[in-house]
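One chain, chain A, appears in both complexes that follow, with chain B as partner in the first and chain C in the second.
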Partner chain A sequence: MNIHQPRGDVSGRTLAIVEELKGLEGPLLPIFHEIQHEFGYVPQDCLPVIARELNLSRAEVYGVFSFYHDFREHPAGRHVLKLCRAEACQSMGGDELAERAKRLLGIDFHETTPDGAVTLEPVYCLGLCSCAPSAMFDGEVHARVDADDLDALVSEARR
Partner chain B sequence: MTTKIYIPRDAAALALGADKVAKAIEDLIAARGLDVTIVRNGSRGLHWLEPLVEVETPEGRVAYGPVKARDVASLIDAGLVDGGNHALCLGKTEEIPFLKQQTRLTFARCGVIDPLSLDDYRAHGGLRGLENAISMEPMAIVTQVTESGLRGRGGAGFPTGIKWKTVLEAAGERKYIVCNADEGDSGTFADRMIMEGDPFVLIEGMAVAGLATGATKGFIYTRSEYPHAIATMAQAIEIARRAGVLGQSVLGSGRAFDMEVRTGAGAYVCGEETALLNSLEGKRGIVRAKPPLPAHKGLFDCPTVINNVISLASVPVIMDKGASFYRDFGMGRSRGTIPIQIAGNVKHSGLFETAFGLALGEIIDHIAGGTATGRPVKAVQVGGPLGAYFPRALFDTPFDYEAFAARDGLIGHAGIVVFDDTADMLKQARFAMEFCAIESCGKCTPCRIGSTRGVEVADKIAAGIEPEKNRELLADLCNTMKFGSLCALGGFTPYPVVSAMTHFPDDFKPAPLVEAAE
Partner chain C sequence: MSLIHEIDYGTPASRSETMVTLTIDGREVTVPEGTSIMRAAMDAGIEVPKLCASDMMDAFGSCRLCLVEIKGRGGMPASCTTPVAPGLEVSTQTPRLKDVRRGVMELYISDHPLDCLTCAANGDCELQDMAGAVGLRDVRYGYEGENHVKARNNGDINAKWLPKDESNPYFTYDPAKCIVCSRCVRACEEVQGTFALTIGGRGFDSRVSAGMAEDFMSSECVSCGACVQACPTATLTEKSVIEIGQPEHSVVTTCAYCGVGCSFKAEMRGEELVRMVPWKDGQANRGHSCVKGRFAYGYSTHKDRILNPMIREKISDPWREVTWEEAYAHVAAEFRRIQYQYGRDSVGGITSSRCTNEETYLVQKLVRAGFGNNNVDTCARVCHSPTGYGLGQAFGTSAGTQNFDSVEFTDVAVIIGANPTDGHPVFGSRLKKRLREGAKLIVIDPRRTDIVRSPHVEASYHLPLKPGTNVAILTSIAHVIVTEGLANEAFIRERCDWSEYEDWASFVAEPYHSPEATEAYTGVPADLVRGAARLFATGGNGAIYYGLGVTEHSQGSTTVMAIANLAMVTGNIGRPGVGVNPLRGQNNVQGSCDMGSFPHELPGYRHVSDDATRETFEKLWGVEISSEPGLRIPNMLDAAVDGTFKGIYIQGEDILQSDPDTKHVAAGLAAMECVVVHDLFLNETANYAHVFLPGSTFLEKDGTFTNAERRINRVRKVMTPKNGYADWEVTQKLAQAMGMNWNYRHPSEIMDEIAATTPSFALVSYDYLEKMGSVQWPCNEKHPEGSPIMHVDGFVRGKGKFIRTEYVATDERTGPRFPLLLTTGRILSQYNVGAQTRRTDNVVWHAEDRLEIHPHDAEQRGIRDGDWIRLASRAGETTLRSLITDRVAPGVVYTTFHHPTTQANVITTDFSDWATNCPEYKVTAVQVMPSNGPSDWQQDYDEQARQSRRIAGKLEAAE
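Here is the complex of A and B:
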């Protein structure tokens, strides 16, 4: 994943997304997904635009944005590594893998390396519980991840 | 004749390198000018053998696995295209014991067909249920589903037919069918496998639900963690629409039904049906108080059927083969089949669809073959993060809604996570509380505050601080959460905690205080 810096004006592009999706029943989540896809995060300047166009209060729009773990207030690193932290992965050494990732990257979960290369995030289940432990790296799934696999992912991210 | 080679596109296979295997096979068959087409099927559910490559031979499909890209050249040299022998050859797919012992009704086509070929789907019995439903009165469809004994496969086990009847009888100009595909429980992946491996069966089930209740619009609400399922479902809906399975006139019946896929945003609680409805409406995923039931006032306050993927995907076979065909499988009040998902530290992991009633120990020891690490099984968690931990002493429990409830457990969405003897059950109990704290929607106090206090109390026990008093406090807190929470998140988090305390008391004894000994 590349760093997405808002290009051009945020409100104009937000308006275009809202215009396209506002006809859906319950459009707010699809709008947030599309905005995050467009910018890589949800710039807070989007919120008043959405509120105005959907006839909602800014508080309501912010409330929905902040409820969901997926939506970012700030850009992520160039790569995003998500490690599954749920029970099936725990049973196959997921905790040790998570500690290794933190040590290799020098960061904790929800943090980005100082060089902007990698953001480390927990995920609660990728549905790959039968081939645990699992990870998602830039949207690609990895299963039966061992220490070597993790090292390879981290060095790929660092390149 | 062109030979077909099947390489799964299921996320589990992809996560284990299926795309690389497919590319290697493609390159080599092109280089050697072999007459082969590659079909990207769903998964058969033999996940310890993924990527599982199959070749169609005159005698049936022959399987190879687990195949890595570097194995491809030797496989082709060994005559893969003719089902030739190789160290990775598993013989005929249907004869592999893990598969042969199953009763596949809901998953009959999963892993067999090309998931996005409607012709394949029809050729394997697809759409017959919907065609039957079209010729029936709505109440007759509801009756057939009721008589099949089908109960909600999401975990609650509520009779599907009764739910449909309520929506059919509810007055409303607009009604909805909502498919709960927010499969967030660790140890479960049946919904994902259906969406990736046989999406048309879910579409067909939802269309039948629409005809039965008078709903004309459906939503599949799934997880952002399932990008492959989302993509496959969206493509399948488009194909179904173009073929007239969905739209203004379902299969030419003159009755309308259409649907779309919606994606959640990483909130576990949205698997709770009322939180899901709020999320679909574009609100925070906060649980609603019931009543009103979603069947009366659901999505946008309209009468709404909300069913799990597997419940809906089991409807086509019921409409095709009849209520009694389905009802004849199972035990007690648990009728039909259940796709058991075997996960975690286990040798033979994957999806095992079978009639209700199999003993837990039979599943763990014989079908799954014990742990992957080879160590003794310490505990199994059945039913996801809100399910109880069962010790070996309870392995005689039959897989049945009531039998599990009688032992203070639940089958939930039928996921089993196996732990070996290195597991620390206090740590697992703490995690259950921690997970609840992270995922609580915040509406009710026992869940929102109780879970955080639960983590703190577990930490005190681990640190050896007044262990006896804190164990009592934890049990008391669990009691408050169980009876005082608004939904199953806070209400069921006590299951793993209390079961861990009850069955593994040694893990809750204070660690020897090293400082004191010195």
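Here is the complex of A and C:
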């Protein structure tokens, strides 16, 4: 269950963000990034506001939003751990790493620990194939991740 | 008869004039530059397998089935996205292509249900066809594993499976059958222009989503049917096809709703209509449709239809069913008695804009030759009569100057007093398409209609004028054009009367016409008017489209002239992309005017006082025709109240609901001794009728309709009339009963008579229409193929005439008692008085009329959204529920008139256009206040209507 409430007035903040960015060429993605940065996720109430301001249909805005897995519909935990699930990392022990992470956190992919500390997500290629397996913790990439590294990341997240 | 299969070329035609020759499968093909290889192949009769391509929309290249090989080029490009080039050698079938295509199909089918035998699309499924075309014999992947097909996978709930969306009354969306080709999404965007659909998610999770993953009814979907038509599988399917099965034959006919005049294939099984599918060769609609023409035909079999003639002595009596013969004899005897007793001019007729040209022609012939007077009028009186008058004065013809295709060449579109996305939706879609291509838009309307701003469309200027100030605004625009030196002098010198222009120019240049001066009473900021004027004068091809917001005013005719002035002063006449385009309301309102439905005009707009014209008809009909114009509808009603007009034959029109000042109409009808209503239903007017003759629908008769672009389209009979007779047969029988020697065996013979007597129709015949598809009048020796664009080399009247347009405020003014201005309009899903659309599932979109009111005005009166309110004018009052919106400006309220229980016309006054008597529906001073429910008048009216619909020996007809 999502107990997080967006900070402040969603539609007012959305309007301000759209106003600031709508002059860009192809402003929709930058707006989503900014909204996710602002609220930690993209509240669905933002979408009709964006559509109205950019003179797009709600469907179009929803189509773009739902295409990118990086934009979340619900708030994440305080930390986000992403494990690369693409081919190179799989071949270098990514599968075991993923199982270990799930076991340590007691959750599956796309889930958040009950204490709201960590969200675990798969990611398909961080561009670090040459030093697989890789992970991303709160936006910072980690290469050649082994069991110890993972334990350290998880305990840091749990702190 | 068989089912018409239209060729799908896969991608739209190229407009290029440069031709390119290439070889496809050894055959040399020459096509315009920019054509896709897929289309070029189809041109040569070679069908490349495809799933995501359709010639209604741009190439997309996603299905990977239309791959071809090109000599000297690597890989296998998609033929839909690859344009032709000189000398290409293309192979559409090679061992490699065969393998790849089969592999692609295998993947599609691995996630598709295998219930073909019981599937609604069985017999009309492109996926099935393509599986056959590529020789798919096996699916090696099996059907286990992840899929969208099964509700349960090995006993577990399958989260990827979604149930059918049945929310739309006319079609279903079954996600289990979707192959995500995006055709529906693209049709919604490119053809309809609503952008209600998208593909949600990505990869294997991709699926068609209405709005933000809602059901179709909750989304912005307007139910135009373009997505259903585009779907290659059973994912989007008409409910009628699911219920009945696939059609076995089709007949091309013309929609009987608005003045766009869309061509449809009526797809039939026996005499049962399975579905209406827009016809790609239809030159008005080019394969598109709206919710009314596509789906709302259920009224034709509605239980309310009256199928037997009925008579009653007094309107307080219940109806008594009689034989046709009895009914004819009764009407003939009554009309003769009335004429004997009260004089020849005491009877008249009203022709219908819903009926065919041939039927209309017969009704006016019955009045002129049978009744011996000119007391014939039509509902165009209450809509576009000012168009006929104004354009006749300025240009010499009483019709629009363009075809609908013309909009594809327009650079600046001006919309005045029209709401095309609701009233003329197919034209609205075509206009929106052009606007997305970069054309500019100016909207002059008191209300912020959808076209002012909707996804991907935004007007450069919206001039939200106060209702009733059209002339002031248009003269102001002319003022800017003339005083800023933007007039097209070369055009004016060549085409128009120069001295008249000079006079007009000095008139509009007067300072009191400047936007700064008119701002005070139009309410439109001067800079907006100036900006709009400059854009229209300098933006390239400028086209003016207008509707009843122009004509239904006390200065309706003046406004039409002002529009003509603007087109002439900017040189926007006589070529594609420009012109003056009245958007006619009803399917055949143009035709009914052409056919001599006005009391002063014989067919072809020739005045009854013209001896030569009268002689033509007198000779043919063997009677003398009165040279005195007859009574207009309002005059007939006045005369009835005065006791001098006693009998009327009304074909397919509901004047009680559609004409202004309902109480006056009711009083007029009540004062008559024989009111004959010829209609599908016991309409509101029939509450005052003594004889009811059952009518037939457009599906039940042959004939022609003439649309807003003067296009004469064939209407073809697809089923036997439920009432037994087409309307033209009923009028003929009535005429025979009155002693006239009429013996038409088929409507084509009536058209032959029209062609023989009316110069602008000289070459029109059913054979010719069969050959040409349709023609736009004038169609005669000078224009044998008809006239898509008029006034090409010069105006019909000779020199274009500039006419001074002095703004005179209407007498209908706001004051302390009635401080708000009411204006009326319509909505997409309902049509006119709603007699038809209210008897279809379209009511799910609009079940009642609401009063739009600005939040500011609502708050002042303590009105909340959805509250019952009382709407009162000097003429009367009614009640309805409120809809609070800033679409209307403060001081302006708006409602539709589709429901008889609302009776918006109780409110409207009897002010009318100075030249044509067209009523001033669009401006009424009103007051609005909270209310508890229906007014006394509404309750009395309902009771009276209920009483008057009783039929002896039958249960009370439910409405």
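The rule is short, and it goes like this: the second predicted complex is superposed on the first by the 154 of 159 C-alpha atoms of A that agree within 3 Å, B and C clash if a C-alpha of one lies under 4 Å from a C-alpha of the other, contacts with A are read in each partner's own complex, and residues count from 1 in each chain.
Definition applied: a residue touches a chain if its C-beta (ideal position, glycine included) is under 8 Å from a C-beta of that chain, and two chains touch if they have at least 3 such contacts.
The structure displayed is predicted, hence computed values, not measured ones.
By the document's definition of touching, of the two partners only chain B reaches A:Leu126; chain C does not. Of the two partner chains placed around the shared chain by superposition, chain C is the only one that A:Arg58 touches, whereas chain B remains out of contact.
When both complexes are overlaid on chain A, the residue A:Gln44 reaches chain C alone and has no touch with chain B.
More chain A residues lie in contact with B than with the other chain of the pair chain B and chain C.
In the superposed model, A:Ser134 lies in contact with chain B only, and not with chain C. Looking at the shared chain after the overlay, A:Phe67 reaches both chain B and chain C.
On chain A, the surface touched by chain B in one complex and the surface touched by chain C in the other have residues 63, 67-69 in common. Against chain A, in their complex, chain B makes its touches with residues 11-12, 14-16, 47-48, 50, 183-189, 192, 217, 223-228, 262-268, 279-286, 300, 341-346, 349-351, 372, 381, 385, 415, 417-420, 423, 428, 431, 435, 438-439. Residues of chain A touching chain C in their complex: 44, 47-48, 51, 55-63, 66-69. The touching residues of chain C, when paired with chain A in their complex, are 194-202, 209-213, 219-220, 453-458.
Those residues of chain A whose C-beta lies close enough to touch chain B in the complex are 25-30, 32-33, 63-64, 67-71, 86-92, 123-132, 134, 136, 139, 141-144.
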